[in-house]
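For clarity, chains are labelled A, B, C, D, E, F, G, H, I and J in written order, and residue numbers in each chain start from 1.
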């Protein structure tokens, strides 16, 4: 399994709509509202052969109210 | 031959459309979807007398879904 | 419990030394090496009355090889 | 195989020393000197189970003359 | 109680409209117009179990004339 | 009276030393440890004829462990 | 008297229209067109009890062609 | 004579239209397409009493396809 | 005469030493301590044939306690 | 021939030493002291087969007093 994090910046006042829409899709293992530049942080696990770029492109970017996302990959869990 | 790289930032959810459109033009020697600020990275080889600025301007910038590009030139391959 | 994330930038070539030192302290629930500007990402759970600023200051900042850290707090888990 | 790129910023006047040292290690498939913020760009292929963070940490960061590096992962080659 | 600060950037010429609208809601303990990148600074106290992300999302972001906000949490008062 | 805020970035692991030193001087009306780029936030009230630049220069900048400060002035309290 | 400076960024090609409009209002003691990120720099003197935030908000921000402004306050003249 | 440089960022795919329009005006002594953040670089010589701010404002900013410009003045030629 | 402004960032706690040293040289027409990123702002008038780059280089940069300066030229006074 | 520009940031107060050292090497076709973030701007012409990265690395970076450089390549002269 590959583990990666996506930080999500939403339109003003849309953070909880986006979090709810993402939760309903049941693809993230954890979703948080957070302090800082981004509004939300989500953690995902996908199979080793999944193309993460396409996964984010097809499963997140079409959620209404998202302004931009930033993906951080993990290499190893200690 | 001159070798250069172009990083491409696309509209939300358009990365793979842009990659496909670029691939169909058969002008890039390599195209990758990538982590980080940009969505795609492409490598190009052109003849020594080709104006790289015009090449990018005329062959990439008209692809629908591109938001901005960043060109890195190579001076020498070791 | 409060949940928060700390991103850690280390000195060149010290990322795994820092991760190992942090793991030995047994205070983080998850530690990852990551892509991007920071080298490591760690998740922490502390009691509601713990002062997070002091926790980071006293439990992380004295690990040798850390250059800087960035703390992101979570408000709610969906 | 996983493919990734590392951009390398060197100390003033050390770009070619670093490129030569990296070339002698025979771990990069391509090394270029480049225009822009970084001095060098290198492409690497490693096995799927290699921890890229550790690879960069152990195989690049100890080369004398490097100031900082930036790693870009590829998800898919078109 | 939790104490946090919100910096508010408004549309050109709207700083005092936004401050007045915020004051009428009687949710901030202090509101200032300020020098620097942001136009306003407000201090809030909420109960320990209040989700600050949702509070800002629902109580500030719908005020007309706000362009963006930045939230700073406090951990401890000395 | 003039009211202004000073954000303080400290050396790694020195945030609470600096906060304590500042508290002992009894010149700030409020001091917080905070999330974000800075470690501390302090609020000051000085007489109308006090030169704020000199005040910060002479009363804060000599505290050991401070890396940099950022001053935000208030124009009006609503 | 309080002395402060306002840097003004205008729409493309509107710098002199904005400067003329500002000059006609006879509220700035000096107006310059300048090099750098901003197009104009103006110096203002107002009475000690004037709210500078409101002054800029009401006397500058309604001039057509202004994109954004940045205010710098002076504490003391040597 | 005063010598100054103007870097020009154009709309996507418009760099050569802008360069051609600028060339037809016969006011720049040199025009280049370039690598990096800007698309074009132009050098100008004007009489000592020419207001450079107004010159750029009136002779460049009305060219269709320009997004923004950055002017660098020279003080002395060695 | 040419008119230009220099913003000066000083070492921590040195702003007034630098201002005093600059004042004693009697080359600036106005010196202010200021809010924001820089500590001081100074205005200079020099003859039309003075090389401003050399002026700053030779008359300011050797003052002890200066960290960096930023020069803004004026083109025209309205 | 290839034409490129190098912007040079020098140590405080060293801009003219660096310009003089560069001028004595007789490799730049034009050298200017400039406004803005960099202190100097130099234009170079080299043969088509010259490696520009190495040229800058070997001919500029060893001049005493340089802090950093930024190279801009030209693709075409209009």
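Basically, a residue touches a chain if its C-beta (ideal position, glycine included) is under 8 Å from a C-beta of that chain, and two chains touch if they have at least 3 such contacts.
Every value quoted in this text rests on a predicted model; they were computed, and no experiment measured them.
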Path length in steps (a step moves to a chain that is touched) from chain H to chain I: 1
Selected interface, A-E versus A-D, where C-beta contact pairs are more numerous: A-E
Equivalent interface to H-I, taken from G-I, A-D or A-C so that over half of the residue contact pairs match: A-D
Separation of mean Cα positions, chain F and chain B [Å, integer]: 48
Where chain F and chain J are represented by their mean Cα positions, the distance between them in whole Å: 43
Inter-centroid spacing, chain J versus chain B (mean Cα positions, whole Å): 28
Multi-chain contact sites of chain J, meaning residues that touch two or more partners: 33-36, 51-54, 73, 75-76
Touch list for chain J against partner chain I, complex: 12-16, 33-35, 39
Contact footprint of chain I on chain G as seen in their complex: 3, 5, 19-20, 22-23, 30-36, 41, 72-78
Touch list for chain H against partner chain G, complex: 51-54, 57-58, 61-62, 66, 68-69, 71, 73
Chain J-facing residues of chain B, complex: 48, 51-54, 73, 75-76
Residues of chain A that touch chain F when the two form their complex: 35-36
